[in-house]
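The following pair of complexes shares a single chain, subunit A, combined with subunit B in the former and subunit C in the latter.
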Partner chain A sequence: MIFYIVRRLLQLIPVFLVMSIVVFMFLHLVPGDPVDAILGNEATEEAKASLRARLGLDQPLIVQYFMWAGRVLTGDLGNSIVNGGSVLDTILQKAGVTIFLAIGSVLLSVIIAVIGGTIASANKGTWIDLSVLGAALVGVSIPSFWLAILLMMTFAVNWQLLPSIGYTAPAEDFTEFVRHLILPVVTLGAIMAGALSRLTRSEMIDQLSQDYIVTARAKGLSKFEIVYKHALRNALIPIVTFAGLELGTVLGSAIVIERIFSLPGLGQLIVESIFLRDYPMVQGTILFLSLIFVLINLLVDISYTLLDPEIRLGGEQRND
Partner chain B sequence: MTDQNVNVSGRLVVGRFRSARFISGRMASNKMLMVGGVIVAVFTLMAIFAPWIAPYDPLELHIKDRFSPPSASFWLGTDNLGRDILSRLIFGSRISFQVGAIAVSIAIAGGVLIGAVAGFVGGIIDDILMRIADALLAFPPLLLALGLVASIGPGLWTVSLAIGVVYIPRVARVMRGSVLVERKRDYVVAARVLGQSPWKILLFHIGPSTISPIIVVATIIFALAIIIEAALSFLGVGLVPPTPSWGIDLDVARHYLHRSIWMPLFPGIAISLAVLGLNLLGDGLRDYLDPRSYSTNAANTGS
Partner chain C sequence: MLTVRDLSVEFTTDRGVVTAVDRVSFSVDKGEMLGIVGESGCGKSVLARSIIRILPMPPARIRAGQLTLDGTNLLDLSEREMQKLRGKAVTMIFQEPMTSLNPKFKVGYQIAEVFRKHFGLRSSEAIERSVEMLALVGIPDPEERAKSYPFQLSGGMRQRVIIAMALAGDPQLLLADEPTTALDVTIQAQILDLIREINERSGTSMILITHDLGVIAELVQRVIVMYAGQIVEMTTTENLFDRPLHPYTVGLRNSIPDIDSPVSKYDGPLNEIAGSVPALDDLPIGCYFQGRCPKRMQVCADRQPVLKEVSPGHHVRCWLND
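Entry: the complex of A and B
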């Protein structure tokens, strides 16, 4: 087991290496001189030279990469071009909103999916099943930002039940914090619930056809007990795994959702930094989010293995 | 030799079992294929014949008719500048499908080449290429596309290029997988024994049998490209207004939610329908082209 975890950790080294090269290249893919792109053409030569030196652009590319990567390894993501503040500090300051949004929507999606998927599987082939499947298909196909706009239009603009945009810190006013997060969390949760309830349904149908269910039925257990106590418990492992992986995907969708609801999170930070051409901030935030994404995947993988030794063996065989 | 016989017979058994079990699944996949195909065909026709179908120029302003609801002269209403929503949708399909087509071409060209080399050459080259592919797959797709567009700039070509590059590793993975499966097949061994050159084998023998999985993955990437383009344009870093992009129109619409429900409604329906159609087409094609692809893949990697 420890061997497996160590091997998975070692496998991360090339992943991090390639990721850092890609993120590093973001600044260098800028057509022409990135300094011109940042400062505009009217900037004085001194200003350009000073920024060039600050970004290390006067060094050869390979030297620049190693200097940058060395700083990143010590946790220094550089400073904002716009206000000079530390990129990492800004990220940590804004990460809370994104984390609340991500965790909230994953939890909501698991709840929706487990209820929907279980009910569908217990009533397989009926109109209940078909409507859950239909709703799931809609959830998979509609873009999150469209759902966000529709929800905002209905609940915030027309019925004025919830605030449409903005954010309040939980320490400041917890009720307002919840009210501001409801629509974004529901948007992301509902979208994710689509794929997750399809998975729940198929896992449950799989479990319900196993021998132990026949035994349970023969013992005279009620349908409720069979579905919820026996089948659901076994179906939960893949469901929770998938939800864990989705937590990473949410980090991507959160960019758009934060923009719509004006939530001051990491997504908003990336988009604003792109507009301001604050490349260190863009690079730092994308690198940060991607690393989190990778680490979540790793944690999910490891916990999956801890939960189910059969999978561990199968997985190792496949890798070798 | 005996080992191979077991493998072959095992695969046959799996095949028979599968085809028996999936008779109903096959019919369902035909239905998916049909519905998906029709939706995609309609959008494709709209994209191609946009100038002839659209009632107005998508950029033409009808200042007197701003925010008008659906009517006889404007079937889906008008937007904040009095532009005809229907015409913008029709031209929007042209933009979306252009981005989709360019992105898919780039992803396929890069992915097929890299995947084929990795799978066919094997060894250290395979290892290096696949480690790089894994690392690129570890990025959330929208995030990587966003970073690329942030540096190479907005516009139809840059956005399509960024999306295409993001999906190269995905195609490469699929391609490598099929090449690995095919490489061990008897006909390839036979061709090799007959002394054909490795590149001829790759091109003329292995190549054709990798087309099905590539078509399927291309359809899925087409759908993803449409969503990502819409998301990037929505964020204001993708295409540039006043281009009739569905994502741009949604972004404009969100500022006028109190004025018009038609502005946010129709572009969203267009994106969802196009994506739904492509997803159905992809799922249907996967079942239709090779219902056994997954069982044989699994069987081969397991053995």
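Entry: the complex of A and C
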């Protein structure tokens, strides 16, 4: 098991390398010169040249990369071109909102999907199954921004139960924090639950047709024990894998949702920084999000060792 | 002890209702080992699963004049009451030891579930009892093996685990569906010995389902031969080999290669019963075996023979014995 985890960690090294090159190159490939952005179009050539030299933009690309990578490794993501503040500090300050949003919505989607998917699979072909499938189809098909606006109009505007936009830090007022996050979390969670409950259902149907289920029935176990203990335990790996992927993609969806609900998270930060051509900020935020994405996948891989004894004990010999 | 009278199992399919088991009647005495033989698709597995009621319903539907175990009518029980009997009074072991255990749980735990469910034992006691069961079925180092996952055990070991699990509830009736088919020949012999030993020691009645007449000869006292969902012959093991009456039984017996005669290319092919089992949704009028029967007569195509007792304890469904 230790070997498995160490191997997974070593495999991350090339991933990080490629990731950093892509993030670095990305800024040098998009049209628009950061120097123009900072100084404006009317600046003199000398002024531009001196700024280029100060930012290291006159160096060959490869040198620039290593200078940048070296700084990144020490935790220095540079400073904002717009306001001069530390990129890392800004990111860390805004990351909380996005992380709460992501974890909350993925948890919600897993809860909905596991309950819906298992109930559907245990009642395959009945109206219960069809209702779950129908609801899942709606979840998969609805665009997130539309659902967001719909929920906002219903719960915030018409019924005035929840705030429509904005954010309160949990340390400040926890109740308000929860109230502000409910609508965005439900929006993302409901949409992700669609695909995940379909996956759970098909995975559970597959498991419920296995031989060991018949053995469990012959032992006298109840339907509940068979579905929620024996079958679900075997269906968990694909469910966890998919939930991990969702946690990654939700970071992307957050850009839209944070915009709609005016949440001061990383998604908002990226959008604003792009408009302002704040290159170090965009670069730093994307790097940070990619890092989180990779770490989530690492966690999913490690969770396999808990979920599957065959992976956990992979090195052990079969006792034939 | 087990009495089955006029038991039928029907499946609703896209092409209509098919009868997988057709008005089967038999009984098993306490401590008796009854064999059921027949080709794949003859309804023997469905029959066993309908006794313990683990067929998916729907599409399956069970109808019976009587299905009683020790005086309890199994068909009157609710699913919840049936769960209390399964694994305790009556249990079943299956053909595929590779897939019949849950891959994600330790084998000791899977056996312990029976003790927890039916005897209300706490986990630690239940695990202790499962270690005892593993020792009983001849698994070396049972304490360690209880902590193994199924993938860490060989096929023979797994089948022992499944047998241990079935015995954990101390059942009155054990249904064994091809328990040795998926195993190597040497392991088969060991498992058959184990089954015989259990039967002799605990007096558990057994129904042994197999397509292997060798297994029948080894273990059971009485045999039911099934064809297309019907019993075609029911008799003692001795009669089955020495005086088979139904042409199908004769064919089955003749298809066993004779180990004493050296096989050479002059011997010709192995004996077989020509043709194959008719589809259950396309059964002929008259005798179901007529299409493959070497002794077919006109009456076979016109009317279906009934199961008749031709001598004490020897029942045959064939116009030849009318």
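A few notes on this one:
What we mean here is this: the second predicted complex is superposed on the first by the 281 of 320 C-alpha atoms of A that agree within 3 Å, B and C clash if a C-alpha of one lies under 4 Å from a C-alpha of the other, contacts with A are read in each partner's own complex, and residues count from 1 in each chain.
Criterion: a contact is a pair of C-beta atoms (placed from the backbone, for glycine too) under 8 Å apart; a residue touches a chain by one contact, two chains touch by 3 or more.
Treat the numbers as computed from the prediction; the structure is a model and nothing was measured.
Residue contacts after overlaying the shared chain place A:240 against neither subunit B nor subunit C.
Once chain A of one complex is fitted onto chain A of the other, the partner contacts of A:149 are limited to subunit B, with no touch recorded for subunit C.
When the two complexes are superposed, the chain touching more residues of subunit A, out of subunit B and subunit C, is B. Legend: residue contacts after superposition of the two complexes on their common chain; A:57 is shown touching neither subunit B nor subunit C.
In the superposition on chain A, A:251 makes contact with subunit B only, not with subunit C. In the overlay built on the shared chain, the residue A:26 is in contact with subunit B alone; subunit C does not reach it. Of the two partner chains, subunit B is the only one that A:140 touches; subunit C does not reach it. Contacts of subunit A with subunit B, set against its contacts with subunit C after fitting on chain A, overlap at residues 318. For subunit A in complex with subunit C, the residues that touch the partner chain are 210-212, 214-223, 230, 233-234, 307-310, 313, 316, 318-320. Chain contact summary for the complex, subunit B toward subunit A: residues 131-132, 134-136, 138-144, 146-148, 150-153, 227, 230-231, 234-237, 250, 253-254, 257-258, 261, 264-265, 267-268, 271-272, 275-276, 279, 301-302. Per the touch definition, subunit A reaches subunit B in the complex via residues 14-19, 22-23, 25-31, 137-138, 140-143, 145-146, 149-150, 152-153, 157, 164, 248-249, 251-253, 255-256, 259-260, 270-271, 274-275, 279, 282-283, 286, 289-290, 293-294, 297, 317-318. On the side of subunit C, the complex with subunit A involves touching residues 52, 54, 79-80, 83-88, 91-94, 96, 99-106, 113-114, 117-118, 145, 148-149, 151-154, 157, 162, 165-166, 169.
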